[in-house]
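Listed next: structures, encoded as structure tokens.
Paired with chain B in one complex and with chain C in the other, chain A is shared by the two complexes that follow.
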Partner chain A sequence: MASRALPLSPAHGLSIAIAALILGSAAMVAARAESFALAPADWQAVRFTLLQASLSAAISSLLAIPVARALFRRRFAGRGVLIRLMAAPFVLPVVVAVMGLLTVFGRGGPVNAALAGLGLPEVSIFGLHGIVLANVFFNMPLATRMLLHGWQSIPSERFRLAQSLGLPPSAQFRHLEAPMLRAQVPGIFAVILLICLASFAIALMLGGGPKASTLELAIYQSLRFEFDLGRAALLAAVQFTLCAAITLAAAGLTLPQGFGAGLGRTMQIAVPTGWRRGADGLAIALAALFLFAPLLAVVIKGLPGMLALPNGVWPAVVRSVSVAALSAVLATAVALVLATGAARSKSRSIELAAMLPLAASALVLGTGLFLMVRPFVTPETVALPITVLVNATLTLPYLFRLLLPEARQVQTDYGRLTASLGLPRRTVLRFVTLPRLARPLGYGAGLAAALSMGDLGVIALFAGDGGATLPLFVQHLIGAYRLQQAAAVSLILVAVSFALFLGFDRLGSHYADA
Partner chain B sequence: MLTLETLVLSQDDFRLCADWSVGAGDRVALIGPSGAGKSTLLMALAGFIAPVQGRILWQGEDLAQVAPGARPLTILFQDQNLFPHLTLAQNLGLGLSPTLRLTPAQTAQIDTALGRVGLAGMGARKPGQLSGGQQGRAALARALLRARPVLLLDEPFAALGPALKAEMLELLDEVATATGAAVLMVTHDPNDAKRFADKTVLVADGRALAPQDTADLFANPPQALRDYLGQ
Partner chain C sequence: MHGFSIADHFRRNLETAMNTKLLAAGLAVFASQAAADTPTLTVLTYDSFTSEWGPGPAIEKGFEATCGCDVKFVTAGDGAALLARVKLEGKDSKADVVVGLDTNLTADATATGLFAPVTATPNTLPVPFTDPNFVPFDWGYFAFVYDKTKVATPPTSFTELAASDLKVVIEDPRSSTPGLGLVLWVKQAYGDKAPQIWGDLADNIITVTPGWSEAYGMFTEGQADMVLSYTTSPAYHLIAENDDTKAAASFTEGHYMQVEVAGKLASSQQPALADQFLAYLTADAAQTALITTNWMYPAKTPAEGLPKGFETLIQPSKSLLMSAADAEAARAPAIAEWQAALSR
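Here is the complex of A and B:
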């Protein structure tokens, strides 16, 4: 296309703002770090962080493949609900999910009871395998939904063509599904790897001790318990470097998808029968059991406490919902601008900027912003706006990853047509981009809202008394050993964030189907 | 008048030269072996590929800095001419008002255009509910509404049967006559050229030759055309 010199596009402007926020925070912690010599314990944390993250990402991605394929090609009662619920663990507040996992996999839980019944040794949920288990619990469903989107992005005309050619399932896999997987899996693996590198709440609850401590946990401990701002800053700088290196490496991983456009006809795809039917059923059943047993456990534990809710729950609900909705809208709008900008642009600078927040964990960003605002205001007074900003920033990469392939597809399929019709950008956005992207936009906004709802990183650094969001409220209750109430408030937290997620997701589907 | 002035297009090791003009109302077929650059030439005219040398002029004015949508032409691609999620009326409406804020008069215009291409009353349908021929008709209806002085067609009817294609060529003739547009149509079927185009451009061996009288050209085919026709 004949290129015309444009003034700075919105996508490039936003890219610069994001880079300034992330790199500014990183510079802040680096400047504050007093020495750059890592102690042996710090090296141990680096090794452990990498080990648990790569194991978790590999297991999550691999397990998601059969589940996503089974969900894609089978139709059964409750399929839609199951797919929506697949988003639950990822958006489930970590505190709540870990409680559920402890109940099911912990000492005296049904899994260990079954093992004992079979005469097998008890498994402990603490340490490396517990952390990996929890990470897989959180991320396998995310990978499944991302892969399902990938499967759905293969035009059904291609499946029809394959069937008309009489291709057996193996050849169909090789020609249709494997190329999609090659395009999607590296990106999904990288996203999960980075999530696992940056999650500290799981390690806090299931790890601990010098042998099972992640960098994030070490930052938290030096900040909250040792008040060693210098060491916290050093560890934050290391964490940032690690994640930044992996983000950069991952940016080169994803391959563009080469599928042409489908006309959006709905057609029934014939599915393989025989043993494949049984295998698909088993994959779906096992995945459902793994995901819902812990959730059910939380419900059973929390329901009795609903009758005696502590004071201050509802103001916390209002604060949490406001933060979540605002950060979801902010993150989705920014991700849309960046994804459509990146789809149009040949350079990868926008893509890099959108993925940059993956390099900054909540604690790194929070610590950086804390250091930045402290000279000017009391951190407490800006707790909520900063939480909105940080949550939106941290969810941006996931939204961007969801939107980019679809934005590229729209650009490939309709870029020339919209250009030849001379449609202005606003028209393309309203009549082409938004309708074509409604589904991932709704899903992404729901994801962002629920993630923000359950976040317990930044707010813990900033909030004072009486300014707590729901997760912080739960944490305070747990700290005070009011476990029954904690479980009950957890249920409210789960219900509200799930309602937010479903609301946004439905909105997207509704708009897409209209 | 659309003028290709010592035009050179190049992509990787592909290269195509052209140096000729098309007048108002001309019907020109572009014919030649696949890979010769027929579609590439059309894409350059439409503004999707920048020439490495030479100029594309419309009424003496260089189009190099003119965006695809602002060029005095309508292009029909091989496929993807319609947005699958928009109704036919909306798809056509984008040819009239890029913001789809249509006046009652424009809505009536759309209905008329649909009627003229034999799709009366189908404005509320989506492209997926139409046959290939009907989709082609809808795209032609939009060209009718846009009424640009040049109409480029990149084998949009290649997938249609002979009877249907004959119908579409007739319709194309009507549309071109109604809008007074010059037509450049890529085709691989000599019959399309003979039936529809007074002039034919032979695209072969890295060159798009100047338009020649179609009947003359096929009566005395040069070697490149004979090779292509298998004579």
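Here is the complex of A and C:
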């Protein structure tokens, strides 16, 4: 149908625009370079980056499996709240989260107090294990939520069938859950690997020293301190290559689930009892403890300063919320077009373009955009529109990754039917695609909004004296030694991010359940 | 409302009030002349300079009261990011003045050829300062800050620190100016023995943060016994928070200095106004404002002296500072030594 008649679908057009933005900004940086050479320590940084990222991605994905499965099978008071709260670590600004983790796992924290109580030596959080711990804290909830979507995407009719056939849990796992995991886990692993690849502050704060140097730090150093644009461009190229390789490898490993269509009904299915019940309970309890203790620390630390909030915090909230909401809407619209386009298309080009922003260094992107817009406008005057564009671009891969499996499912289940009926694409979108994608759309838009609330590192390049966003405001407070106020404003940042996330997420579930 | 001049405001009001083409055209000429009469001075500076708690607001207000101009701040991260921004913009930069480089960066800045000579201003720095392109506006000594209630006997040298089991948090010299200052401090104090000192310090350094904020935050959260900061940091806690538990450890090797400087871009369309700003920045009113906003020593001690509380700060026996050229030459090898010693 239409997809074949059109030489360039909207999805392909958008893919080209994204690639142009990401690669173009890197090219702008490269064009200004005088020489191209990597420093000897850069390859060591590449190795370390890959090591910490793959460990973090593997542990996050593996731990998420029992947690997501337990959350899928069990019903208990507070389950909905728990699932929603699980997004909180992911949307925390890195510096705030690291401080929360330090309170729990650092010196004088409850973990070391417990170890001391058992007569064991103090464990330092700093080092490779600390980086992995922080990355798992950030990404395990994301993996859990993605897997939960996966479990929910198995038509409940299949579970009923398995039950009526009297399949034991192990056979049920082999026939229903394993194929789903096979379809989902490579993509989830890849997305977390890519997130950890670009992590900068975590590795630097918890790494314990220059051994823990990452690619992103090398880019930061070359752009900020040495103004070695050639090296920055080369490092960006290395990062793009790694990203492309990982995305393609994950895509190659992903197999379609092929359960066929269900009626999309939610049915309570009988769940295994006995020791499995205890194991599920334990998985949920441990995950909740691991994720919420540092969050609680952030809340406790922020409360004392709430009574004396600095002037200017509310305008900063308004500025940040507007940027975040606009970015989220833009990213969601683009991701929907790309995901449905990719589900229809056989080639991997759309998928690659949608994942490309994950490999983009925010600093290279910002510098490139700065060079692009400067001949035409004063950079300070476009700080907020540029931030919206950059945030939308950088959050696109998360949304895309959330939408793609279900968009594929819709295509597999209904593609031939809607094509044979000759339904216009708009009708398909409205009556078939959107209702099925409502849940991940809402969740993804929420994530995108919350991530945009945190500093994605570009605004600093463009900022004039027009007023700070919330993360910059926190930076200003810390820079002025006002740590208590900074903790309070961080808490506001966390609360507002989370409220935005919840708003979008609820909207999604509301439409899905309707 | 900065950057939105009164002339603009005036023009808009009049334009909406009177609608004839002729008048509007006449007014546009009038307004553009009025705008030309109120020049804008663009000051490129680091982020925290212009924050509500930084020196920016007071200096802007004070200078605008005398210059008949509009001061507009443009910010870029920290000192190092500032220089990168200057290089990125090159000859067609809209900035007139750059405030906030330090002497470890000035050789690099001078080499760009983008800075114009400035008139030297009087200063009370503990070391002689001469640079044809830059004037100092404040300075501080790097030091390890600790909590007196937790560390009873602070180390008195790098060797004592290395021999102790105190845990310190430092900043990365590749991403922050205090981190770079520390590396140059050890280099100037120990020369060829610097790698040895770093090797000995390795087990005291719990982590290296990207910037000062993260390091200082970890210290106040109790994750480390000491943090690389300034001898003036305890003054903030004492004066603003009435908390006298923080102190800086005095090292017998002497303390390396950070001297923050300002310069004028050669491309500035308003060199006279830029000179006037640099003179204002280094005179008493701005210098007084800097002490309790940047929490550094003023480049020239104002007539009324330092605020009460500063007399409690440690006075280093020896002031260390490499010349701009030496610092530039030492930077890359010193960072490489640091990296090698701490990566082992």
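Definition applied: the second predicted complex is superposed on the first by the 461 of 514 C-alpha atoms of A that agree within 3 Å, B and C clash if a C-alpha of one lies under 4 Å from a C-alpha of the other, contacts with A are read in each partner's own complex, and residues count from 1 in each chain.
Keep in mind that, in the parts below, a residue touches a chain if its C-beta (ideal position, glycine included) is under 8 Å from a C-beta of that chain, and two chains touch if they have at least 3 such contacts.
All of these numbers come straight from a predicted model, not from anything done at the bench.
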item: Partner chain(s) touched by A:P89 [first = chain B, second = chain C, both, neither]; value: neither
item: Contacts of A:L472 with chain B and chain C, given as first, second, both or neither; value: second
item: Which of chain B and chain C A:G108 touches, first, second, both or neither; value: second
item: Comparison of chain B and chain C by chain A residues contacted; value: C
item: First, second, both or neither for A:M99, with chain B first and chain C second; value: second
item: Which superposed partner A:F200 touches (first chain B, second chain C, both, neither); value: second
item: Chain A positions touched by chain B in one structure and by chain C in the second; value: none
item: Residue numbers on chain C that touch chain A, as the complex places them; value: 2-3, 47-48, 50-54, 56, 72-77, 80-81, 83-85, 87-89, 94, 167, 172, 174-175, 180, 202, 205-210, 212-214, 216-218, 220-224, 233, 236-237, 240, 293, 295, 338-339, 342-343
item: Residue ranges of chain A touching chain C (in the complex, touch as defined); value: 32, 41, 95, 98-99, 102-103, 106-108, 124, 126, 200-201, 204-211, 213, 217, 220-221, 223-225, 227, 310-312, 367, 370-371, 374, 378, 380, 460-461, 463-466, 468, 472, 475-483, 486
item: Chain A contact footprint on chain B (complex, rising order); value: 46-50, 64-65, 67-70, 74-75, 77, 79-81, 83-86, 90, 94-95, 98-100, 126-128, 146
item: Complex interface listing, chain A residues touching chain B; value: 1-4, 261-265, 413-414, 416-424, 426-427, 430-432, 435-436
